[in-house]
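The letters A, B, C and D name the chains in turn, as written, and every chain counts its residues from 1.
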Amino acid sequence: MIRAYHVAKRYGDVHALRDVTVKLAKGEFCYVTGPSGAGKTTLLKMLYGSTQPTEGKLLVGGIDVARLSRRRLPYLRRNIGIVFQDFKLIDSRTVGENVGLALEVLGSSRDLINRRVSAVLNIVGLPGRGSDYPPTLSGGEQQRVAVARAIVNDPSILLADEPTGNLDGAMAIEVMEILRAINLRGTTVMVATHDTGLMNRFPYRKLRFEAGRLVES
Amino acid sequence: MTQRLQLVFRRALRSLWENAYLNAVSAGVIAATTLLFGVYLSVQFNVNNMVDTWDKDVHLSAYFHPDVPEQRRFNVRDEIAAHPEVIKVRYVSSDAANLWMQARMPAMETVLAELGSDTLPASLEISLSAARANDIDAFAGTLSVTDFSDIDYGQEWIEKFQGFLSLLKLLGAVMGSLILIAALFLVMNTVHLVVYNRKNELEIQKLVGATDGYITAPFLVEGLIQGLLGAMFAFIGLAAVHRLLVARLKDTFELAITAELQFLPGPYIAMLFVAGSLLGVGAAFLAVNRFLAKVT
Amino acid sequence: MTQRLQLVFRRALRSLWENAYLNAVSAGVIAATTLLFGVYLSVQFNVNNMVDTWDKDVHLSAYFHPDVPEQRRFNVRDEIAAHPEVIKVRYVSSDAANLWMQARMPAMETVLAELGSDTLPASLEISLSAARANDIDAFAGTLSVTDFSDIDYGQEWIEKFQGFLSLLKLLGAVMGSLILIAALFLVMNTVHLVVYNRKNELEIQKLVGATDGYITAPFLVEGLIQGLLGAMFAFIGLAAVHRLLVARLKDTFELAITAELQFLPGPYIAMLFVAGSLLGVGAAFLAVNRFLAKVT
Amino acid sequence: MIRAYHVAKRYGDVHALRDVTVKLAKGEFCYVTGPSGAGKTTLLKMLYGSTQPTEGKLLVGGIDVARLSRRRLPYLRRNIGIVFQDFKLIDSRTVGENVGLALEVLGSSRDLINRRVSAVLNIVGLPGRGSDYPPTLSGGEQQRVAVARAIVNDPSILLADEPTGNLDGAMAIEVMEILRAINLRGTTVMVATHDTGLMNRFPYRKLRFEAGRLVES
């Protein structure tokens, strides 16, 4: 599903990633871990085409993301669910609209959207919060809305950047259970995290980075 | 398809509502621009109208030598009337001329009365069609010098008037294009700010897989609505100004140009609405594209 | 203290630089507003000037009965010259009047020549000071009816001209205040957007303990700079328009009103700069305060 | 230093806090903990005057924050260092300027600001990053900039909302060491966190909330 050959990313003088070669099969679950600034978010960003590798080749579902035209990019992203490290919720839209957005851009019917949205809000433990606005939610609640939006359209790849950073232990385990359930239905899942406790409780493959280098995979 | 269109309209109306203030500014700026454009069209249309009537009505006065016999005068009149460019010839007898003179200069009434009917010479009042300054000149040259003591056609005045008209046109064009550029700039700018205001939202839409079309469409509808609203306000403003002017002019100059001050005819009005819509949609299109080019 | 002031200026200049686009729009809108204000002042100033000269120059022509003896005419002239509101009295003999008539109406030259010197009556040309329509009326009433056959002071024309002037003033006031309101709205709006653009930054400043003064001060300086720049552009624009008009008018009417079309004197120019600065600083102040009222 | 008497906070129907009575001595160190949405951030917000209690009385350094005028509020905040859950960095200002802002509003000299800023950037492990802009930093790096800004003017109270949520274990311990050092110099410190591992490693008093109620203190 995901193949990286000698991928490197530089921002000016900063080497965010160096010579990364890795292969992820369809339906796999893996962690991306490493200290702050190791390049975890950078790797995920390249996978959804928000930034391009400066060297090497990166294939997502057989598509070379560096070669992808502006016009084709949206169609790649429709198959990828993303939980952003900083949530990226639209403050002026309700929670329900934020979650539904991922379906609306696909052209789904209003009816289907409503059903799916209330279903996933239930799953992440926010039933009935669909009509609230994000700025009125606590940090952890916002993070769960971000998770809900990422899974609402059953994507074939799920990228989650630090999806439990603002959650207490019990809630973090719940979110991990959700990700595992999605993975069991065939979605390839990649979770960037620092939480060693969580990684021990849900033991999966680990990609460990240090200063941009892949040191364990 | 209709469902998509519905969605686009719903999103456009929502954005209009949520950014009411900025949208009102856009519509206002479009209205002002369109109004100025309308005033410009109006002035042009009316001046052209007036110059047309005036051109058709160019008058010459040819004064007979006092010793030309009356029969000869009528013959000359008929000859001139036969010229193709002559619309009308009127013979003004010396008596008639003096009566007119008395009416115009009441101060001299008594004086003129004492002097008898030969005071002012008889003349021909000639109306030429579609004449311009040069044509009049040429026509005056064809008149026989033996019959007439003087030919009067206010050439200087015509030249001055045309100079004045061209000054007006110059000023109008300079001011008009300055204001138009400023207005375009302002419309672009306000629409750009509506987009900028929603930067975050649009970025997130792109990240979850929205196409450029999905993002652009509601802005175009928004721009269209702004443009049509603006044109409507401009139309109302134009009508109000026209009303006010006609009423006030009627009071001031009872007879003069009132009748000729016309409101813009249908096709011009349609042009205003087209201009407003183009302004709104075009500005929205440019603003959104400028923004989308920067986002990945 | 000076260090604080330096900091304020540094922050203002930085914001000017970083929001160059919006600031240019603000300055542009202020320039347009101030230019319109300047044009309004100019027109008012020049019209007042003209009306003043014209008022001072109001002329009456009083035509003598042909049978009033010459000595009596000179006595009457001296009597009238003694009136306090009379600036100047000029006796125009019948000969002089006829010469003038010939010059004005060359078509009638031959006719007039034959008629001898008594054709036009002798008259007094009287200049009144600071007269208005009513005053002229009253003054004309004081002239003895036995000496004069007619008194001519173009009353209707004066009334029409005043009607026209008041129409112009009405239109000017209506359009002027509409445009001024629109411009104020736009300035407020653009400055508000500069503030809005930095919403996040200002909120964070408040959270780390900035006072309202710390946040407001650079905006006021920014507004002042915008205002002064705007006024400068308006001044340049005004000078250019004045130049153009004077040159074109000189070409068109060689003698007429050219000399009287004056550029705004110093105090008015100062007023433009004060107006621009007030606009800039006032709009900034209102916009920042409106914003700060909403933030905690 | 901090005294709350029967404090309650409602947002419409949501009871974010109910009947909270607690006392914190000068120089104390305490955790605020509890599940997502328990009211931790709300409590901190009231302490720095960003929102007012709907009931009860809340004193910070003897000042009733509910009664504080708009004009006096900045002077309260100058004595409080805050690490926000969502960092609240100014994207258009460099890291150095962001950290220096807390001193600039006090009217400190440029010279002093420069020295203090590079000192605290060293402390949080970001030496030489002073001229970068926040959007070019990783999540964890941004969080450390937020910590640096909060401590730069040696505040008498430090409020830290989830200051280690984006940090790996080693880095989280470093940040906790920094907070402890500040506390040892006399600053009252309040840390909202979910990280039980950290709370066990640095055992201090805990204020535990559940659905707005103080259940342990």
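Quick notes on this structure:
In this text, a residue touches a chain if its C-beta (ideal position, glycine included) is under 8 Å from a C-beta of that chain, and two chains touch if they have at least 3 such contacts.
Note that the structure is predicted; figures quoted are calculated from it, not measured.
Among the remaining chains, B is positioned farthest from subunit D, on the basis of C-alpha centroids. Between subunit B and subunit C the centroid-to-centroid distance comes to 25 Å (mean Cα coordinates, whole Å).
The geometric centre of subunit A is 63 Å away from that of subunit B, both derived from CA atoms. If each chain is reduced to the centroid of its CA atoms, subunit A and subunit D end up 29 Å from each other.
Subunit D has its Cα centroid 68 Å from the Cα centroid of subunit B. Of all residues in subunit B, none touches 2 or more other chains. Under the contact definition stated at the top, not a single residue of subunit D touches 2 or more other chains.
If you sketch which chains touch which, the chains form one closed loop in which each chain touches exactly two neighbours.
By the contact rule set out at the top, the touching chain pairs are A-B, A-D, B-C, C-D. Residues of subunit A touching subunit B in their complex: 48-51, 70-71, 73-78, 80, 82, 84, 88-93, 101-102, 104-107, 109, 149.
On the subunit C side of its complex with subunit B, the touching residues are 21, 25, 28-29, 32, 61, 63, 66, 106-111, 115, 118-121, 149-150, 152, 160, 163-164, 167, 170-171, 174, 182, 185-186, 189, 193, 196-197, 244-245, 248-249, 251-253. Looking at the complex, you find that subunit B touches subunit A at residues 3-4, 7, 18, 200-201, 203-212, 214, 296.
On subunit D, the positions that touch subunit A within their shared complex are 11, 33-38, 40-41, 85-86, 136-141, 143-144, 161-162, 165-172, 194, 196-197.
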